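Letters A, B and C mark the chains in the order given here, with residues in each chain numbered from 1 onward.
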Amino acid sequence: MPTLERHDEVFVLDLGDTENRFHPDWLAEVDGLLDEVERAEGPRALVTAATGKFFSNGLDLDWLSTHGDRASEYVVSVHELFARVLSLPMITVAALQGHTFAAGAMLSLAHDFRVMRADRGFWCLPEADINIPFTPGMSALIQARLSPQTAHESMTTARRYGGQDALAAGIVDRAAGEEAVRETALEIARSLAAKAGPTLGTIKSRMYVPALNALRDKDNPFG
Amino acid sequence: MPTLERHDEVFVLDLGDTENRFHPDWLAEVDGLLDEVERAEGPRALVTAATGKFFSNGLDLDWLSTHGDRASEYVVSVHELFARVLSLPMITVAALQGHTFAAGAMLSLAHDFRVMRADRGFWCLPEADINIPFTPGMSALIQARLSPQTAHESMTTARRYGGQDALAAGIVDRAAGEEAVRETALEIARSLAAKAGPTLGTIKSRMYVPALNALRDKDNPFG
Amino acid sequence: MPTLERHDEVFVLDLGDTENRFHPDWLAEVDGLLDEVERAEGPRALVTAATGKFFSNGLDLDWLSTHGDRASEYVVSVHELFARVLSLPMITVAALQGHTFAAGAMLSLAHDFRVMRADRGFWCLPEADINIPFTPGMSALIQARLSPQTAHESMTTARRYGGQDALAAGIVDRAAGEEAVRETALEIARSLAAKAGPTLGTIKSRMYVPALNALRDKDNPFG
């Protein structure tokens, strides 16, 4: 289960030490921890990290396969998480120490910056392989954060990007050794904690109006 | 005239061995060959190539100069070709062995990937020089596929990009020797033939909603 | 105060030798000089330059602090300047010999190309630091001209980019020694003067429809 720690001005949200798939309970937990981060005042920043082999593998397809009647409501809640992180009024950094797949990769893109382990682990959007098209909201999020060339390749080919590949493609902002991933993310977060505040929230919200509108379309999450 | 061959899972559409301008008969021919590609089932991919000095020089301005009354209908049919290739439910690769100009360059951008001859031939959008502004649909297509910096330079200056320049600008994905252009495109296509299917079609259609809408606006193709 | 000189086919607009903030009188002066540039005929291009330590520091916050009641009208006039330069029917090059901050940086992005001094001076969007969120029009302009990664970093972190940093991030097209900044801009402008004309104006206007619409929204400049 996700946990939250505070190191001076930086909150560290640890997504867990499993595949960290988005089970509804996990989503509720993360949402509650983000409430705590938002309620805090003054300079602060968020690092989202995880422990073990996975940052996150995204949607909980096992749960979904037995709760098909709740698919729409479930996707709405995932979209809400993306929209919330994308517009958080503080700097956010994802520390990708392990595999970052599908909705896990999209969650990483909702952060301001990404640090990825250089020597192991993949960032990948496997949707074209697993026959789950991106929702319009997901598509808008990914395309808003990546260059046209990278968005196209990653979304149509399910390419698995190692850390150096992801850096070259502009998917992540830094690649680092295993031990340095979280520390590098913390450094970036600390150095930008003073930016927190409603102005930054407004800046991000205005930058991503189309993506946020698509992600917040609760009536029609599948387009 | 265009021809179609199949090499295992890869269809090769050869645009011809002339300037390969978009005469209405040529457009109808290409459309029919794409029908054949779409009707096929299972893993498959498309390589669009040509023979000789030109990939394509784009609109058939000679024909257009004597059929001004059909300009609107003609541009609609060119837009339809772009929209069709842009949303084809399989991986598409353009093998640019020769000059790729104007609407020929736009057709190349409607493909998923581009391989360009490294040592000879230019990719160029000469519209600013020949006093033919991009239609809104063309503009949307080009801007959806290129970085803002490259789209701006290529659209406002009519710069002729050699293979290495085009690679550096992110216009093409690979530059290769003359002999290797088509083979490189075939390799990319073969390696991604398994992605073919309606999911990939949906992914592309959702990624390019604004460009596809502009290209499919039959009432007002000139904006 | 701004001045205008003509060197053969190239107009040089010098923004001044102070901080070159956008006082209403300065805006009116620049607008009048741009009228002169637009009225000219035949091949021509525009270089926007300045003298001294600053290209421009942007909005005149001193004036604004004593004219709060005219804030809306003032921002509309700044938006109009951006929209006008962004759609000018000739090639425009900004020669950034000194600090280029906030709305000064946005003005530079409204030009087709930017040449920046390599060894000194910063290009910076400090809005996140000074608690002035970008208006929707400003946000649209910046995001239309920069890659998603660069737009995000520059808009959320107030990073100060030196010339080489700005070149690497694709903010400017060239970095040059102090003495060479203006000459490099003049060379680019001269080489592209023949592109001037209504076709180029239409091309730019169609490329930037969303940004131009946001910048020309006089009823609601603050979103």
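Keep this in mind: contacts are C-beta pairs under 8 Å (C-beta built on N, C-alpha and C of every residue); 3 or more make two chains touch, one makes a residue touch a chain.
Computed from a predicted model, the values in this text were never measured in an experiment.
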item: Chain-level touch network, classified as line, ring, star, complete or other; value: complete
item: Cα superposition of subunit A on its sequence copy subunit C - rotation in ° rounded to nearest 5; value: 120
item: Interface residue identity across copies subunit B, subunit C - same or different by half; value: different
item: Centre-of-Cα separation between subunit C and subunit B, whole angstrom; value: 34
item: Residues of subunit A engaged with two or more neighbouring chains; value: 147
item: Sites on subunit C touched by subunit A in the complex; value: 127-129, 131-134, 136, 139, 143, 147-149, 151-153, 155-158, 223
item: Of all residues in subunit A, those that touch subunit C in their complex; value: 91, 112-113, 144-147, 170, 173, 192, 195, 197, 199-200, 202-204, 206-207, 209
